[in-house]
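Look at the two complexes coming up: subunit A is in both, with subunit B in one and subunit C in the other.
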Partner chain A sequence: MTATNGANGAHGESGATEGHTNQQDTAFSTDASLQAHAKRPGGGPRRSIWAIVAVIVIAVALIVGFWHPWARKADQTQSSGAADTVAIGLKLAPTNLDIRNTAGSALDQVLIGNVYEGLVARSSENKVVPALAKSWDVSADGLKYTFHLNTGLTFSNGDPLTAEDVVWSINELESKQYHDADALKNSKSVSAPNSDTVVIELTKPYANLLWALTGRAGLVFDKDAKYVAKTQAVGSGPYVVEQFTPNSSITLKANPEYWGAQPKTPTVVVKYFADDNAAVNALKSNEVQVLAPITASLAKPFEDDPAHYTVEAGDGTDKYVLGMNNAAGKPTGDKRVREAIRYAIDHDQLIAARGGADKALGGPIPSLDPGYEDLTGLYPHDVEKAKALLTEAGYTKEHPLKLTLTYANTYGTDIGDQLRSQLKAVNIDLKVNVVEFSTWLQDVYTDKDYDLSLVDHNESHDFTQWSNADYYYNYNNPKVAELTDEALGSTDDAKRDELLAQAARIVSQDAAADWLFNYRVTTAMDKGVSGFPVNMNQTLMPLAELSYTPAVTK
Partner chain B sequence: MKYLARRLLLFVVGLFAISVVIFLALRVLPGDIATIMAGLNSPPERVEALRAQMGLDRQLIVQYGAWIAGLVRGDFGTAMLTGQPVAALVGTRAAITFPLIILGLIIALAIGIPTGCAAVLARSPRARAVYQGVAIVGGAVPALWGGLILILLFARGSGLIPILPASGFPQAGWADPGRALASLVLPALTVGVIVGASMMRYTRSALQSVASTGTIEMAMACGMTRTQALTRVGLRLAMPQLVSVIGLTFAEMITGVMVIENLFALPGIGSGLVDDLGHRDLIAVQSELFMLAAFFLVIGLLVDIAHRALDPRLGD
Partner chain C sequence: MPDSPTPTPRVRADARGVHGRRRMRIVLSTMWSHGTGRFALIVLGLWMLISVVSLFWTPQSLWKTDGYHVWAAPSRAHWLGTDGTGADLFSWLMAGSRTNLLIVLLTVAFAAAFGLLLVAMMVSRHSALAHGSVVAIDALISIPTVLIALMLAVPMGASVAVIVLACGFGYGLNLARVARPQALLAAHSMYVESALANGASAPRVFFTHIVPNIMPVLIVQCSLSAGTAVLAEAGLTYLGVGVPSGVPSWGHSLSTSVRFINIYPLTVLWPGLLVTIVVVALNLFGDALRDASDPLINPRLRGA
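Take a look at the complex of A and B:
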């Protein structure tokens, strides 16, 4: 914030004159006695102007400051004592509201279940539960799904929600190839035999169909509504979007047309904080009542004050994947190198450094997803074994293996530093390259030009990425693809889970990547908050049950 | 008049050159908005479809032409991600950043000019050393740290004297002037103290350079005290220098206050620019950068004109 003097041409040499100004000053001070006799009022006006300015500035600041909290105290509460408005602080902000076109869990998080609803929804244990459809039947061959809609469904604009809207939404999804359209596999037709029944027919069984319908692919839109999808939203959920400021905040207001029970809190304000300190200050000053996610170190003061705050870590499907480029020709194309890396990493240390809330994860499927099995025993921390494998592959202390780890700056620099020092012990010279997310997308994800990569794959049911040989891992094992296909084609959930578990075990045994940990989101809340979802709240955050009763003395 | 015409021509040429530089520099960046919109699990066809939908598959020269044609008509384009007109986006962000800068600058001047004068007026070497020390320390305070200290002192919730909001801008914006202004007080103080320290240094050296020309002695010979001579004659003569510094500081603060905006969760111009760049929303970024560059040039123009008005020697 310093302007250069040189920019103002003729007057630029002020610095050069400093040398002899001291002399000048002392010359002035010889008149000290003279000046002491001078009439005071002369110097007065200028000084008093500045004094007045200073007083005004301070006065304005104080008045505004005092006035402000009083104005805020006017917050109304409901008769039950619960607040009319609850504010939630989050981190990753959506850039627009166009949930059919724009990727990013920030949109799912705030819109699904609150503003838009699907035929079915997900519980806090990641199980499929009824939503717009009150029940459904699946034919024995797994090819026909019949959904029975609730009665009296409406959109927030007053339009009735019928089976026609459901059919239109799914057809639009497929014809326009909206985001997540590929989640609906094998679909043959969607039809509405009457206004409250929807039938989806498949060409062959697809075990994840119901689950896919809980996400974006199953959302129902009003076929007659005209609105600007980037800045407005017309859905059937308990809330409507009252105000949206990109990258900054969303105000949700109870939807008076809602077909179900009214949400407990009439207005929910969601604020997004890019800076963690700003977020913490907002919770401390009660500008928000909930903060998610919060890092372990920042959550500490709240944990230490259980009289006013609750701090809780929730389960989720976030997998911190240390991707290794499996392509032949890359050092990590050698299985021994990949195994060595897995042996070299001390997962417990990584988790402890992050505060201990996260869970160890030995394979590609997290505990909330079908096919989970504890695979942490496959590659226990073993420095000697790692060294031996690397020596076998031709890398020694004298000729260390040089690798580059590329990841997005959203994950911080600590984790890269830790990995570098852990891998150093087994003769791997790791260069950590922290980049912008868009650069990561281009270099690693699209161009597959990398050795190691780190990203939080937070999606649920995303195991199919391991059977896709074109995915950025460059991992290709036909057996995995075969097992995955068989699992997704099975009509029996137990069999599906078993097959997926088998495939996941192979991926982990192949050391296709390393799974650093299963990130568990920590939420800090004011003691008076209830009904806020703690599990998976970065992808699904249903707010209908949320309420906040301010403490009487606060 | 001829000077003004030449200066304006330079302004237009400058703008054009800047538009080319901005456009090309942004195209060199890795990554694009379509990949970001498509996310991690979308098939490549979807990325291509999005690129086509946003016109990113056109030739660069066509894209540049479309952008410039819009600019000439006063249309800064529509941000690809948010779907809002860039001009409106910048407008809402400027409604936070500009009041913050102006408030910060007023505080900076209120601190910097009197202390700068006092530093020159101080007669004992010890007092001068103290002023010098204050200026150096004040200028060296990291904005983030200074802001945190102010939050610890005054913010509601965590402060010792909890009177001001720690973060955020009211939902209603300036429709709620009290809260809007209150939310800017702490950030403006943080900015003001830091910029104030450099203002103090500039004022001091400007006054000293004026003093070295002998005008102060002249004024004193006419019967003024040293204080009068410095504050009346000295400040008047130092004004052209100070105006340049203030103008440049103002322009720099537009992006310079970004750290402060982030700390206080104020969605201003600087943080908006970084967001848009991170999302590779190139239409938004290029128009925003263009507006900033234009603003810098306008400030430069105004400073030059002000110089001529303040310093008759530069006339013709």
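Take a look at the complex of A and C:
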């Protein structure tokens, strides 16, 4: 008892001493300030009251000013026409602007077609259309492509863009092995017979050459320009990068030197939101006028308010692939097991749970890519059939098949939970292992040490992954490889598409993987926005046609 | 602190007073007689009961998902509605309570054991060890628990062990630092001197004289740790380094629904409310237990 009392006592005493000193200090300072006040009669307290009143008035004025809808819309209502600035909210931010050396579709999305241009470009239907080249001829044997450039082409720094720049860009790409250099296959030579003609010669026909040139491999850079590629960009597109803040925003300004028609909106600000709720709030508060992507569930409040917002889902080439390890030693090396998994998965339910915007996909080629065929009928949802196949393969309720699904945490845990629940019904005991993307890259993609994997293969024209026996699927079918090679070597697009479709059907019939769905990107926009690309806008987002006419009253 | 007053050991007061089951009954009934203590006992009792029940029964199977009825409102079939996979939220929260209980018990046990070990080092008679450990603890305490968890998650992946180790480590350091002054007072007291002079071993002195003296601090720190462990589970699971996918926990329910707080606020509310109530109950429990089990404060324990 004494212990605590003693301790408390000691503490109390020291506290008292401190208090005493403080009191002295306070008394002294109070006196001093009183004296100071006394020297200035009429000042002091009254003035401080006025100061407080002033602060309150200013604070109220500021709050009213910021919150008042007129203030927020003031500059927009003054001009009755289109706004000078449109802000776009995106998700994945580029870490730098060096499009020749940095991977990631965030750069393709914001720079290709806006800041940099290629000989040819892609339409919103994923077809090849003219860009810097106004037309092109292909020789009958498919070995020689002749491009005719538009006249009066310039870069944003004023330099003229000539065929020499094109040749230099492609040669640099191949000699320095810039990103996507391998998209140009079978190339033999690039030459410029005159200043507005470019000739590309191939060793063998390559059916995807034009499409490959629409991407990074075909971009034309100024061979005479000196700039810091990580933070600056000199291209020939309708916009220039005015300001770049890594991981946060990019400001695009109309390029006064642009060789074509000026873009509709002079300034476009691209803002990046890693957090979905922050993005939704930004659209609600009109901080941005466009938001892409937004998950279908989060878009619901905007869909419910059609007077102010439009919500659209666009087609894309994102394939959510449930990869199965086809290696012989694995349980999934057994075709019956793979087939059972495909029968067991209720794709429509997965799509419904995600908000219903996505599309069922039965095979490796999505609808925007050459060779598409609706293969969803091959493995319809059929629990009994799945069970029967697994029983045949030796797995029953008493001895369930144990599998591990490994995927990156960017896709959320919901989809794994649903797959486990659906596979449980057919006696598969699924362990879901949600990991960092880097871990997935190492374990699944590089080491191929997995049973099931889930990843969004968003690339277009990527069917060759199925003809590559070294790819992480461990899928090896010589017939598929043969058909793919033949398709890529064909000089006729119709022939190419037919061969690819045949190969894709074989891959799907082999149940080499399951295609959960074709993800469709959902875009939410202010009602006054027009000309924003809805299809594939996560990889290709030309902004020249974008315009925003704010509602006069809101 | 050579001039500090010598405390007499609390355990002696107990020795004169009451022991064993009778003591426990008195402590519990004292807690029950106070509003906060009763609240804490009821909440924690229900928590344990539900954890046990969930091992055998939940209203719906945890693994029954229904993609056509996601984010459903509360109904007769789904008492608190469904989550983003269409699974029953009430069942997941029920099953989550056992995971959280396990995490809390393991974390507190680890934190207490680790903390006592550190206290023993800091009051050690080897001055190099004592001083070294004080400096080491001051340095280590500056590392945030989340950072430790993130580092542990690299080799271990998301798992319950990550939460237990990271939180136990962090809370053990805190506990040791808070308990040190009291422990030092006891360690430098006359009765410890005399016990040592009489040939008592260091561990015996530590457990019979020092630990009983820091017991009130220990109880409060452990209850704080228990509450913080529940919060840490939610936070670490949200970051993806806590409870792995497929293991029910309150943090799992929170993190899967928090993205949709704007649209389905109710789904976030239930797990959030649950975590809040339990954390409050754990903190009140520690306070009430200290008050009820301290013979200096609770006169019923001093009765013959």
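The criterion applied here is as follows: the second predicted complex is superposed on the first by the 474 of 554 C-alpha atoms of A that agree within 3 Å, B and C clash if a C-alpha of one lies under 4 Å from a C-alpha of the other, contacts with A are read in each partner's own complex, and residues count from 1 in each chain.
Just so it is clear, a residue touches a chain if its C-beta (ideal position, glycine included) is under 8 Å from a C-beta of that chain, and two chains touch if they have at least 3 such contacts.
Predicted model only: the values in this text are computed from it and were never measured.
Of the two partner chains, neither subunit B nor subunit C is touched by A:P380. Once the two complexes are laid over each other on the shared chain, residue contacts for A:V269 go to subunit B alone; subunit C is not touched.
Once chain A of one complex is fitted onto chain A of the other, the partner contacts of A:A54 are limited to subunit B, with no touch recorded for subunit C. The larger set of touched subunit A residues comes from B, when the choice is between subunit B and subunit C. Look at A:G152: by the touch rule set out above, it reaches neither subunit B nor subunit C. In the superposition on chain A, A:N277 contacts both subunit B and subunit C. Of the two partner chains placed around the shared chain by superposition, neither subunit B nor subunit C is touched by A:P256. Contacts of A:G104 after superposition on the shared chain: subunit B is touched, whereas subunit C is not.
When the two complexes are overlaid on their common chain A, residue A:G81 makes contact with neither subunit B nor subunit C.
Look at A:P193: by the touch rule set out above, it reaches neither subunit B nor subunit C. 1-4, 7, 10, 277, 281, 436 are the residues of subunit A that lie in the contact sets of both subunit B and subunit C, per the superposition on chain A. Subunit B meets subunit A in the complex at residues 29-32, 35-43, 45-46, 49-50, 81-84, 89, 92, 106-107, 110, 113-114, 120, 123, 128, 139, 148, 151, 154-158, 162-168, 171, 178-179, 181-182, 185, 189, 191, 194-195, 198, 202, 205-206, 208-209, 211-212, 216, 220, 224-228, 231-232, 235, 240-241, 244-245, 248-249, 252-253, 256, 262-265, 267, 271-272, 275, 278-281, 303, 307, 314. Against subunit B, in their complex, subunit A makes its touches with residues 1-5, 7-8, 10-11, 13-15, 17-18, 20-21, 24-25, 28-29, 31-32, 35, 38, 42-43, 46-47, 50, 53-54, 57, 60-62, 64-69, 71-72, 95-96, 98, 101-104, 177, 179-182, 228-231, 243, 245-249, 251, 269, 271, 273-275, 277-279, 281-287, 436-443, 445-446, 455, 457, 459, 462, 465.
Here subunit A touches subunit C in the complex through residues 1-4, 6-7, 10, 276-277, 280-281, 297-298, 300-301, 346, 348-353, 409, 412-414, 416-418, 420-422, 424, 431-436, going by the rule given at the top.
For subunit C in complex with subunit A, the residues that touch the partner chain are 4-8, 10, 13, 63-68, 70-71, 84-87, 157-158, 185, 240, 244-246, 252, 256, 259-263, 296.
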